[in-house]
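Chain nomenclature is as follows: A, B, C and D, assigned in order of appearance, with residue numbering initiated at 1 for each chain independently.
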Amino acid sequence: MAEPTRIAPPAGPPDPPPPADLPPPDFIRAIEDRFPGAVQKLSYWVGDWTIVLDAGRLVDVATYLRDAPGALFTFCSDVTASDWPPRPKRFDVVYSLYSIPLRHRVRLKVQAGDGDAVPTVTRVWPSANWLEREVFDLFGIVFAGHPDLRRILMPDDWQGHPQRKDYPLEGPGELLIEDPVEWLKLRQADIE
Amino acid sequence: MLEAIVFYTLAVFTLGFGVLVITARNTVHSVLFLVANFLCVAVLYVALAAEFLAVIQVLVYAGGIVVLYLFVVMLVNLKAIPEAQLDPARRSRLGFAIAAALLVEVSAILVYAGQRAGPAAPAAVDTPARGNTELVGWLLYTDFLIPFELASVLLLVAMIGAILLARREA
Amino acid sequence: MLETYLVPLLKIVVLLNAVLVAVTYMVLLERKVIAWVQVRLGPMRVGPHGVLQPIADAIKLLLKEDITPARADRWVFTLAPIVSMVPALIAFAVIPFDSAITLFGYPITMYVADINVGLLYIVATTSISVYGIILAGYASNSKFPLLAGLRASAQLISYEVAITMMLVSLVVMAGTLSMVGIVRAQLEAGMWYVFVQPVAFVILFIGGLAETNRAPFDLPEAEQELTGGFHTEYSGMRFALFFLAEYANMIVVSAVATTLFLGGWLRPFPNVGALAFLDLVPGWIWFLGKTFVFLYVFIWIRATLPRYRYDQLMRLGWKVLIPLAIANLVVTGLLKVLL
Amino acid sequence: MFDTNELVINMGPQHPSTHGVLRVVLRLDGERVIDANVVIGYLHRGIEKLCEYRDWGQIVLITDRMDYIAAASNNLGYCETVEKLMSLEVPPRARYIRTILAELQRIASHCLWLGTHAMDIGAMTVFLYAFRERELILDLFEDYCGARLTYNAMRIGGLPLDIPPRWDAKVRAFCDILDEKVNEYEELLTHNRIWLERTRRVGVISGEEAVAIGLSGPALRGSGVARDIRKDEPYAAYADFEFDVPLGSDGDTYDRYLVRLEEFRQSTRIIRQALDGLPEGPIIGKVPRLIKPPAGETYHAIESPKGELGYFIVSDGKSNVPYRFRVRPPSFCNLQALPRLVKGHLVADVVALIGSIDIVLGEVDR
């Protein structure tokens, strides 16, 4: 196994800003105009635009991006997250959008702390349903207003959220083997 | 001699299965005993040289109607008896009433049959039909034409009624 | 005494054994034919070209553990395979393989019984065989078999109506219900009934596929939907009985279709004198040959066609076949009266 | 008076038609499906987590195990994502061979789909016919890289191997065989009345709804939405070839079937063009010995046989493993549409629809 050569965990995604000579696409400027303050940061890397949004404005911006004639992001490719434990708001929820008529992509990003609820986008893109469930399952990020927020890949009574960086790759196995009673208590407590 | 043995054996079986039909705890078993009962009756018909009737008995009763009973029994949960039927007094009263009606009916038939001189069978001798099936057909379409047609109209009405009842509100 | 009891008894013994062997070899035939259709070889290991495969299968099934599910209805569970096997076997009693052959100086009729309601007898026995499937579905105490049992019974009842309706028009043609009588009527008419009653033939063929739960109507045992159907919970020889019953039913349907439409033991074109040399082939060989063709087509269809859906099957039965059978009956009756 | 209970049946995880360990809990009224609850996760191996502990080169091997029906497509998607992250140039010969492999893989995947889909509807002969052709593709892959299922056929920056001698002739011969065999499949199914009745107007979904619910690949094109990543965002060498994107009109199971069958023909068309124009040159670009992409993140999608296969990879620029490795599995997103598709249909249609959206549980659960 390749042991990660990480010395200190990075405190957040690089998200480099766009080069000065590259103007952002029109729909991004339109968002900045229509929803002042919603865009916290704008980033460009190897051809991908990323908009870091304020979580409270997410649904409004998403709806706008879906319907605005210059954006038409009707297809929500992916919803996922990444975990940056040293940061106070440790999670990034990442939405990869694609516009079928206009053939362009954009990524939205929302930051969330442990226990913070992120508004669901299932009403904007029904396809986010299972994807958000997966993020909830593997990261423990709660999506407020989600119609069916249950675990999806892990068993229903699973402890912890495996994709978090502080979750060991081997799973909870060690505690189970060393002290099954403790482990069982932990499980019971969480079920209740 | 042989015929007598066959008849009494079958009679015992028929009645035995009949009793089992009403005493079986499990409804499906009860229906199965009913089938066995019908099959025994069919064999009795064969012993009486009424093959057509025997086959029709199997085809219509055992193969058709009881299958539908079985359907109903399997689909509808009959284990829970409705409250009203649990009242023992009501059950025995109803039972007595039905039994009395049946007794009156049977005795009436016996008395009436005793009074009538000779069976209707000789009439059939004149028919041009040979064999069992042909005889049944001949009688149905000559002597018993009106009852036969009435029965078919009744069945038609019942069928239309059933379709109307089963049709869901559009 | 000898004539009334011993000869029929011997016939029954011979026929029963012949049918059982034929049924086991039907399984091999099916596997082989389907394998050839699918560019495979089929069973090749047991005996040359796998000819002993059915025997190996039978031994394997006999040695298998006989499992009864814990909460099954024990009596009914045991009864169900028997109930489905017996009607399939007793139906053979009235099927005429040939008129009569001479054996050791005795003329011997090639059928167990020629009762004057032969055709109805066969319909009645097949109507009983539906119990095997329903009871198996019910007694297993499992949802998939129950669903399959319901499907099967609905299917059998619907198609029985169509087949019976169709048979009536045939009886009108022949003027008798006796199986031997129907073949004789075809001889007198000088023509197989398939040429006179093509619609009825098609109805019988489709209905026969449905009655025997064969593809494309094999819904009660649709593996892909019901994980095997009404016999999911059965194992060992009880399971084998269901299978054998299916194949026995196939043979019955083929034999009945041969008798009713292909002139039974008659040679092709019984009225054409120029073909008289065909009579050199014994009648029972004609009969078996025609039956075999039917069986082959059954298997061929299974290898070719997808499966109908339950509602489509019912629609075909009630909205196409039954009206067609009734129309056929009306036309036959009118022609019979007018001509 | 009568108590008409709804029947709840549990289809799977052990069931012949769920293509693996899918479990569908169906609520039935008679045989009609009122509601379906899809339960997945039985094959969850934590591949995303695992990949955050494997170095960049090793991950190619793990991607084989996701959609094991189309392992080379997974390899391709992953390698291209890392190449995008590192801004690596892939030599044209490698891009052409990658395209050929990906298209062969598409044919193999569609063969398996056709066989199992037809089998679900009861046409068992098609199953063996389709597997016969798939076998030929496995032989071609075996000739190329020695493996028949999990190929590990690509490397970041190019390919590990050049094509063996006379391989291109074999591929051409295969394309000729396949074109003929596709006609054979069509003969067995396309105009078959029973097939039509079983697939037409079953699981109809409109284009807008299909987009909203996240369908991609042939399942989306069956609803008439012209979206094929090979055309819209060309990757590998697809920009150099001419091919059509078949579209359905009604969005039913039959249209999805027709779309995939036509894709067989388009795939052989692409393969032939790629073989004709196969450039000479190196098969791997200038790849550093130690692969360590600069800090950054990207999402890159390819058109896998099942739909949009996307990789979202975050590199922190310091370690030899990805910081975050995310797969956007097409099967997972397409499976999401199953409850919507089966509602109101019969149990028999459920298996037809599971087959129609073409899922691989290895990819759904990862």
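Going forward, a contact is a pair of C-beta atoms (placed from the backbone, for glycine too) under 8 Å apart; a residue touches a chain by one contact, two chains touch by 3 or more.
Source: prediction; values computed, not measured.
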Chain at maximum distance from subunit D, centres defined as averaged CA atoms: B
Winner on C-beta contact pairs when B-C is weighed against C-D: C-D
For subunit A paired with subunit C, centre-to-centre distance based on mean C-alpha positions, whole Å: 63
Geometric centre distance via CA averages, subunit C-subunit B, whole Å: 29
Whole-Å gap separating subunit C and subunit D, where each centre is the average of the chain's CA atoms: 45
Contacting residues of subunit C [partner subunit D, same complex]: 34, 37-40, 143-144, 147, 151, 215-216, 218-219, 222-227, 303-312
Interface residues, subunit D side, partner subunit C - complex: 7, 9, 15-17, 31, 118-125, 128-129, 132, 188-189, 192, 194-195, 197-198, 346-351
Subunit B residues touching subunit C - in the complex, by the definition given at the top: 26, 28-29, 32, 35, 51-52, 55-56, 58-59, 62-64, 67-68, 70-71, 74-75, 131-133
Residues of subunit D that touch subunit A when the two form their complex: 40-41, 44, 46, 48-50, 52-55, 58, 84-85, 87, 208, 211-214, 216, 225, 227, 232-233, 295-299, 301, 308, 310, 312, 314, 316-321, 323-324, 326, 328, 332-333, 335-336, 365-366
Residue ranges of subunit A touching subunit D (in the complex, touch as defined): 1-2, 4-7, 10, 13-16, 45-48, 50, 74-78, 80, 82-83, 94, 96, 98, 100, 103, 105, 107, 125-131, 134, 138, 151-155, 162-163, 167, 169
